[in-house]
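Naming follows writing order (A, B, C, D and E), and every chain is counted from residue 1.
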Amino acid sequence: TDLEVTHWWTSGGEAAAVAELAKAFDATGNHWVDGAIAGSGGTARPIMISRITGGDPMGATQFNHGRQAEELVQSGLMRDLTDVAEKGKWKDVIKPQSLLASCTINGKIYCAPVNIHSWQWLWLSNEAFKKAGVEVPKNWNEFVAAGPALKKAGIQPLALGGQPWQANGLFDALVISVGGTDLYNKVYKDKDAKVAAGPDMAKIFEAADQARQLAKGSNVQDWNQATNLVLTGKAGGQIMGDWAQGEFQIANKKAGTDYTCLPGLGLNQTLTTGGDAFYFPLLKDAEKSKAQEVLAATIVDPKTQVAFNLKKGSVPIRGDVDLATANDCMKKGIAIIAKGGVATSTDQLISADTQKQKEDLMSEFFNTSISVKDAQKRFVSLIEAAD
Amino acid sequence: MTDLSSFANRASSVSIRDLSLSFGAVTVLENLNLDIRDGEFLVLLGSSGCGKSTLLNCIAGLLEPTDGQIFIKDRNVTWEEPKDRGIGMVFQSYALYPQMTVEKNLSFGLRVAGLAKDEIDRRVARAAGILQIEPLLNRKPAALSGGQRQRVAIGRALVRDVDVFLFDEPLSNLDAKLRSELRVEIKRLHQSLKNTMIYVTHDQIEALTLADRIAIMKSGVIQQLDDPMTIYNRPKNKFVAGFIGSPSMNFLKGELVDEGGHIAFRTNGVSFSLDGYQASEALAAGRKVILGLRPEHVKVDSDIGHGETHEAVVDIEEPMGADNLLWLKHAGHTLSVRIGGERRYAVGTKVRLGFDMSMASLFDAVSEERI
Amino acid sequence: MTDLSSFANRASSVSIRDLSLSFGAVTVLENLNLDIRDGEFLVLLGSSGCGKSTLLNCIAGLLEPTDGQIFIKDRNVTWEEPKDRGIGMVFQSYALYPQMTVEKNLSFGLRVAGLAKDEIDRRVARAAGILQIEPLLNRKPAALSGGQRQRVAIGRALVRDVDVFLFDEPLSNLDAKLRSELRVEIKRLHQSLKNTMIYVTHDQIEALTLADRIAIMKSGVIQQLDDPMTIYNRPKNKFVAGFIGSPSMNFLKGELVDEGGHIAFRTNGVSFSLDGYQASEALAAGRKVILGLRPEHVKVDSDIGHGETHEAVVDIEEPMGADNLLWLKHAGHTLSVRIGGERRYAVGTKVRLGFDMSMASLFDAVSEERI
Amino acid sequence: MAKSVAPGRPNQFLRNLNSKIACIPMMLTALVIFLGGTVWTVIYSFTNSKLLPRATFVGFDQYERLWAASRWIISIQNLAIYGVLCLIFSLLIGFVLAALMDQKIRFENTFRTIFLYPFALSFIVTGLVWQWVLNPEYGVQGVVRSLGWESFTFDPLYTPEIVIYGILIAGLWQGTGLVMCLMLAGLRGIDEDIWKAARVDGIPMWKTYIFIVIPMMRPVFITTLVLIASGIVKLYDLVVAQTSGGPGNASEVPAKYVYDYMFQAQNLGQGFAASTMMLLTVAIIVVPWAYLEFGGRKRV
Amino acid sequence: MSDTSTLNATTAGIDAMSPELKVRSSLNPGPRGRRPKRVLSRRNIFLYGILGLAALYYLLPLYVMVVTSLKGMPEIRLGNIFSPPVEITFEPWVKAWAQACTGLNCDGLSRGFWNSVRILVPSVVVSILVASVSGYALANWRFKGSELFFSILIVGAFIPYQVMIYPIVIILRELGIYGTLTGLVIVHTIFGMPILTLLFRNYFASLPEELFKAARIDGAGFWQIYGRIMLPMSLPIFVVAMILQVTGIWNDFLFGVVFTRPDTYPMTVQLNNIVNSVQGVKEYNVNMAATLLTGAVPLIVYFVSGRLFVRGIAAGAVKG
C-alpha cells in the first residue's frame, strides 16, 4: 500500500538517511511516498498541521519529540500505537525511557521515535586551527581563548547560521554544558524564574555574549552552510547538534584528523535526548491503517535503526543495537548516553510557544548588541510565563 | 385597486399616469401625466437635466418608476420587461454592438427572441431597404460614418415591428449638415410608417420641424403641450417663450398704462401701443408685465407698414447669409432683430423700429404666465 | 541683424509664408500662405480633419512646421516658444486646470512669469471685469457651467495682454442657446479690444456672424479668403458654395443652351433663363455646368415678382418658427426653399416657383470653379 | 380595450434575480470568508488557543503580550519604514519613468517591457535573485572589492540596521513597473489641450507636472495607492525568501509574525491578536477611503 | 536666435508659389521650417540616460540569473557574478529540470511543471469567470446592498493571506474538499476576487451604458447580455485579468503547499524545495536555472500579451 510520509529531512545526510527508512518500508511490500518539505520544521510543520486538521492527513509525519503534536492527539486526530508498541516491546527496548514517555499521552502511545539527537556538540575544523597556529581546543573555554588567533588568520571563529533556532540551540547547549545539568533542569523543567534570574544564568549569558562576538560575520542562513564553513576550514567551529555529523560524513571527512567533535562542549558529559518521532494520523482507509502499523514497526526495527542513524549521524533509540560501524564521534555520544548522561530536551520540556519566544530572543541577542542584562531580564519573564 | 386604465385616453397609444421617479433623495419626475395619440410624433423638448431621458427610460422600462403607471396601447406595462412593451429605442450614442456586423446588429433582438431564420432575414431586408443600408450589411459599426450608424440604430428598432419608437437625442452627435439631412429622413420615415414616435431633444429646430406636438419640460414638469406653431406663437409662459426661438424672444420689463383710453405697455419712458394684441383676460393699467417680441416681429425701416415707430441704434450686426441679425440699443434694452441677409447696417447706425403687436406675447411679471 | 522684417506686409499682424507640415508621411499643410491684418477677426472654416487646428497650433508654436515661416507683428517667430509669441489661445475643451480656482487659473501663467503681485491682481481684475466672471473667481472649474468655463478660458488668454488671440472651436462643446450668446460676447470683445483674432470653427453661422474675413479650408488648402458676404453670395467654387449656407445651396446639373440668342440653363428638359446672372467669362452654349441656387433665392407663389415661373410639388415641410423650409419636387430634383414661418403648405400641394438669377451661381461641371 | 387590471409591483426579492444569483460567489466570499473570517479571527484573538482553536477566553492577555514582544515592535517599525518608503519611491520612480516614457521616445515598447517584466516574477523569485545579487561574497560587494576597492562595503542583507532597505530594493524592482504602467495610462488620459494651454501660458514642464498634471491624476494615484498598499500589508514572501527575517529579527514583518506564531509557535491566539492589529490598521486606513470612493458616488 | 536666423536668411526659401510672394519671402529674415534637432541634445542625453540607467537596474538581476545558470559551480565560486560565463554549460538547466532532489524525489521541476499547469488552468478560468460576472453585475445590474458587498471585498484585498488560512482550512474541511483540486481552485478564486472584481467592475462601468440598455430593449437577459454583448467587448480587461491570475497563481507558494499534497505540488513548492534543500554547498547555478524555469510561464505570457496588458490596465484601472 502506498503511504505518504511527510518530513523536513532534505539536506544531504538527512536525505540519505530517509532513503534507508524508505528502503526498509518498501521491503515490507508497501510503498513509501516521499513528501519532503524543504526549509525546516518551521516551514513544514504548519503545512502538516493544516493537512491533518483540514481532514486530508498523510500516512505518517515527522515531528520533533515532545509537545508539538500534543493537541492533535487530544483532539483525537492521531492514531493510537499502543498495540504496535506492545507487540514490539517498545517499553523494554527504547532507551532512554523519556523518549517513549513523551510519546505517551494518557497512557497511550502515539508516536514512534526514530532517533536521538543531542545538541551539545562543538564541531571543530582541525585545518583552521592549524592555519591559525593554535592547538585544536579541548573544550569551549579553550575555543573562546583561541578566538582572537583565528580571527587574525582571517578565519571566522564560530560559524552560526541566521535561522533563529540555531541561535536558540546554541544557547541551550551553553546552559547545560557550561552551567551544568542542575541549572538546566531548574530553568527548563521547573521553570524556576528565580534561578533564571540568578547569577548562574548570568554567567551563561556572559558566555553567550562571547559566542556572539565570535560568531559575528558568519553571513549564512542554513545550518549546513555553517557546517560547510567548518568543513572547508573557513570557520573554526560550530555548535550544532549531532546531525552535523552527517555532513562531514558525506564529504568524506574523518573525525580526529579532519575535524574534531566535542560532546557536551567538552565540559559537561551530559547530552539532551531530543529527536524525531513519527506520528500517524487517524485514517479511514483500513489498508492504509495497516500499513501505518507496518511502518511504525519498521521504524523501531533494529536493522532500520542502524542503517538510518548511521546515515543521519544520530543515536539509535534502542540500546540493543550494534553500532560497530559508527564513527568516533557517534561512539562518544553513545557512550555518554549509555553512562546515563542524559537530560530531557527542551522540545519536551517547554511548549512550542515558549520555544518560539526564546528563539526570537536569542536571534535578536546574537544579531544585535542588546545587553546581557536586558536579555536575561527578558529571558526571566519568558520563563515565568511558560507553561 | 380600481381599474385606472379605463380613464386613459381612448385614442392614445402611450399614456402616463401620475408618474413619479426619484433617485434617492432627488426627485426627477413628480406626478407627470401625458397622453400620446396613436401615430403621433411627440417631441419632448427641454434643457439638459430636466428629466427627458428619465421619462423616456421609464416608458421603455429601463428605469422603474417610484410611483404611477404607464400604458402602451391600453395595456398596463408599468412592470413589464422592456422587450415586452412593443417599443424600440434609438440612442444618442447609437449604441451599436461593436463586435457584430450591421446585419447581426439588426437581427440580434430577433435571434434572442428565437424567430425563424427566414422571418429574420425578411425583416432585416425590409428594414435595410427602408433605410437604404443594404450595402452596409456586412460591415462592422467601426467602418461606418456617423450618419450610417444612426441609420443602423434606427433599423434596429425598425426590425422589431414595434408600436412605439423612442428616440433619445438621436442626432446630437452628428454635425450640423448631417443633422439636417437625417432630420428630413426621420420625418419621411414617420410619414410612411405612421407609428407613434416619442423623440427627445434639446434642439428646438428639430422639435419645431419634426413634431406633431411638442411637450416642453422644465425640471421634470411639462410646461406646455401643443403643436409647434402654437408653442412658437402663443407660448404659455415666459420659460416656453424664451426656450423656443433662436435668437431668443426679446423680453422687455415694464407695466401697463392707460393712454387715452387705450391700454399700452410702458418701459423706461417709452410706450408701445398694444393694439392688435389678443389678451386672454382684461388688461388693467398698473399691472407689472413683461412684453415678449420675437426678432422677426420687429420691423426695421422699410419693413415697417404703418403704426408707431421707435428709434434705435445698431450695436452689433450678425450676418448669417440668408438673414441678418441686428442687436439694437433701444430705450435701455438690447433688442435682437432679424432682417433679410442682403440688408446691412454699420454699427452705430440709427434705425427706426416698428412692432407687430399681434404677434407679441405679454406675461405677468410675477407668475410669468401669458396674459 | 538688419531690419529685414520691414519687408513683411506692413499692415499684417500674422503672416504665414509657405507653411508646410507633415506628420510622418501624411502631409497636412503644404505651402500655405496667409496674411492676417492688424485687428482683423479671421475665421478658419472647414470640415473636420482639414487641418484648421494644425494651422492654428503652428501659429501658436505648439507644432513645429516642416517648412515655412511665421511672422507675428512682423517678427519671425517660427522657432520661438509659444509664450514668447504674444499669443493667447482658447481651446474647445476649455483646458482649464481643474484643481485650481478660477482666479488661480487666470493668474497661474503670470505668477510663473514672475509678475508682481499687484500687477497680477490688476490684470485678473480687468479680465474678470470684461468677462463678468468676478463672482466666480473662487470657484473651481468643476463648479462652473459650460459657458462660464469658456469665459474663464478666454480670460486666461486675456490676462496675458497678447497681440493675437487664437480660438480653436471655442463654442463647439456648448449647447445652441449658449453658443449664440457667447458668440455675441466674443464679437463684442473683439469690438472693444480690437485685437487680431484667429478663430477656428466648422460652424458656418459662427463664421458668417463673427468674421471680418473667412478662410475656407479643404484638406489643408485655403479655397477662398474673403469677407462673409462675398463668400456667401459669390462663392469661388462649388465646395465653398455647398459648405456655406444651411440648408445647402441647391445644385442642378445641366448644360448651357442657346435660347433665341439668350444663353439659358437647361436640365431635365426644363430651362432657366440666365438673365441677370453676372458671369466672369463668356457663356458658351453646350458647356456642362452646375447651377447653384440658395433656398432663399427661390421664390414661391406670391413672392414671385416677374419673370418665368416653374411648377413644383411640396414633398416635405419643415416649419422652424421664423422660417418655413419646403422641400419641393421639381423636374426630377429636390429643391429646398425657404419661406416665411407664417406661410404653411400641406404635403403634396402644387406651387409655382420663380428664381432670382442675379443671386445664383454657375459652376463648371468639371473644374467646379465659378463661371 | 380590455379591462386590464393594473398589476402591482412585483416581489422585490425576485427583481434582478439573475444578478443576485451571479453575485452569490462574490457575496459568499465577502461575507463568509472576508467578513466571517475576520470576525472569527478577532473573536479567537481573545482566547488562549494554541495549536487548535479553543474558546477559552483570556481577555486582552494576547494583546498585552503582543505589545510587550520586541519582535512585534520591530516588525511594526520595519513595516512602517518599508511601507512609507515603498509608497514614496514606487510613486516617485513609477511616475518619473512614466513621465519619461511619455516624451514620445523611441523604443517605448522595449523600455516598457524591461520595466514591467519583474512584475511577472513572484516575490519568492525576486527575493532569491536579490539575495544573490546582494550576497557580500559573490554579489555587488564582492565584485567591487575584486576590482580593487577593498574596503567597499555594501552588505544590506547581513547588516541589521539597513536590512530593510535591502528588501526595499528588491520590492521596488518587482513592483515599480506596474506603477509605471498605471501612471503612463493616467498620463495618456490627460487632455492634450491642457499641455498646450500650459505651454502657451509659459509654464515650465516640471511645474506643469507638479501643479497641473499630478493633481489631475488623482484617480490613478488612488488605484495605485490601493494596489501598493495592499501589497505592503501582505509583505511576507519577499522577506522569507530574501532574509527569513534576519539577521536576527532585523527584517521581521507583521505578516511573518502572524504566520510564525500561528503555526510555528502553535499559539493561534497570539497570531490572531497580531492579525487583528493588522486588520485594525488596514481598517483605519482603508475604510474611510473605500467609503469615499465607492459609497459616495452612485451611477445607474 | 539671431545667429541662426542670419545664417538662414541667405538660403531661405526661394520657391514660394506666387511671384509676388516669392519676392517678399525671399527677403524675409529669420529661421524657417523645423528647428534643426541634434540627436544628442541635452534633453535627449538626460532622457535616454535616465531610461538607460533604470533599464540597467531592471535588467541586472535577469542578466545575473541567466549568466549564473550557465556557469559551472567552480567558476561561480571564483569569478564575479557579472562576468559572462567562460564555459557555457547547460548542466544546471538539465539538473534543475530533471534531476534536482527533494528528499527522495530526484526528478527536478519537471513534475511540478505539469502539476502547476493542472492547477493553473482551472483556477484561472474559474476565477476570471466568477470575477467577471460579479463585476458585470456590480456595474450593470445593481441591487440593494451590492455596493456594500463590494466594499467588503475591497477591504478584503488588504487582509494578509496568512490570517485567512485557518478559517479557510476549516471551511474546506467542513465542505469535504480540503486537499482536492476543487478546493485549491476555490481558494484561488476567493483571493483573486477583490482585485479582479474591481477591474471588471470599472471596465464594464466604463462601457457605454446605452449599449446595455439597447440590449435590454432587444430582449436579451442577464446572461445573454453578458455572453453576447459584454464578453466580446472585453478582450483588453480579460487579458489583464489573465496575466494577473496566471502570474499570481503560477507564482503562488502558500496555497500550493497548504492546500495540496506532495504528488500534486506545484512548481513553486518544488522550487522552494530545490533551493532550500541545501546539500553541501548551495548550487547557485541550479537555483538560478530552476528560478528561471519557474518564472518562464508568466514571463512568456507577459511578453506575448504585454501590449494588451497596458491597454487593459488603462481601461480598467484608471477609470472608476
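Everything below uses one rule, namely that contacts are C-beta pairs under 8 Å (C-beta built on N, C-alpha and C of every residue); 3 or more make two chains touch, one makes a residue touch a chain.
Just so it is clear, the structure is predicted and the values come from calculations on it, not from any experiment.
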Labels of chains that are neighbours to subunit A and to subunit C: D, E
Contact pairs, highest-scoring chain pair: D-E
Centroid spacing, where centroids are CA-atom means, of subunit A and subunit D in whole angstrom: 38
Rounded Å distance between subunit B and subunit E, as computed from the means of their C-alpha atoms: 52
Subunit B-subunit C separation of Cα centroids, rounded to whole Å: 28
Shared-contact residues (touching 2 or more other chains) in subunit A: 46, 50, 53
Of all residues in subunit D, the ones touching two or more other chains: 259, 262, 300
Multi-chain contact residues (two or more partners), subunit C: none
Complex interface listing, subunit A residues touching subunit E: 4, 6-7, 9-12, 15, 18-19, 22, 32-39, 43, 46-47, 50-51, 53-56, 58, 222, 224-225, 228, 247, 250-251
Residue numbers on subunit E that touch subunit D, as the complex places them: 47-48, 50-51, 54-55, 57-62, 64-65, 68, 76, 80-82, 130-131, 133-134, 136-138, 141-143, 146-147, 149-168, 171, 189-190, 193, 195, 197, 205, 209, 221-223, 243, 247, 250-254, 268, 271-272, 275, 284, 287-288, 291, 294-295, 298-299, 301-303, 306-307, 309-310, 313-314, 317-320
Interface residues, subunit C side, partner subunit E - complex: 1-2, 4-5, 7-9, 17-18, 31, 33, 64-69, 71, 76, 78-80
Subunit C residues touching subunit B - in the complex, by the definition given at the top: 47-48, 175-177, 180, 183-184, 187-188, 191, 202-205, 208-210, 228-229, 232, 244-248, 294-296, 316, 318-322, 325, 327, 338, 341, 344, 347
Of subunit D, residues touching subunit A in the complex: 50-52, 65, 69-71, 74, 136-137, 155, 158, 160, 243-250, 259-267, 270
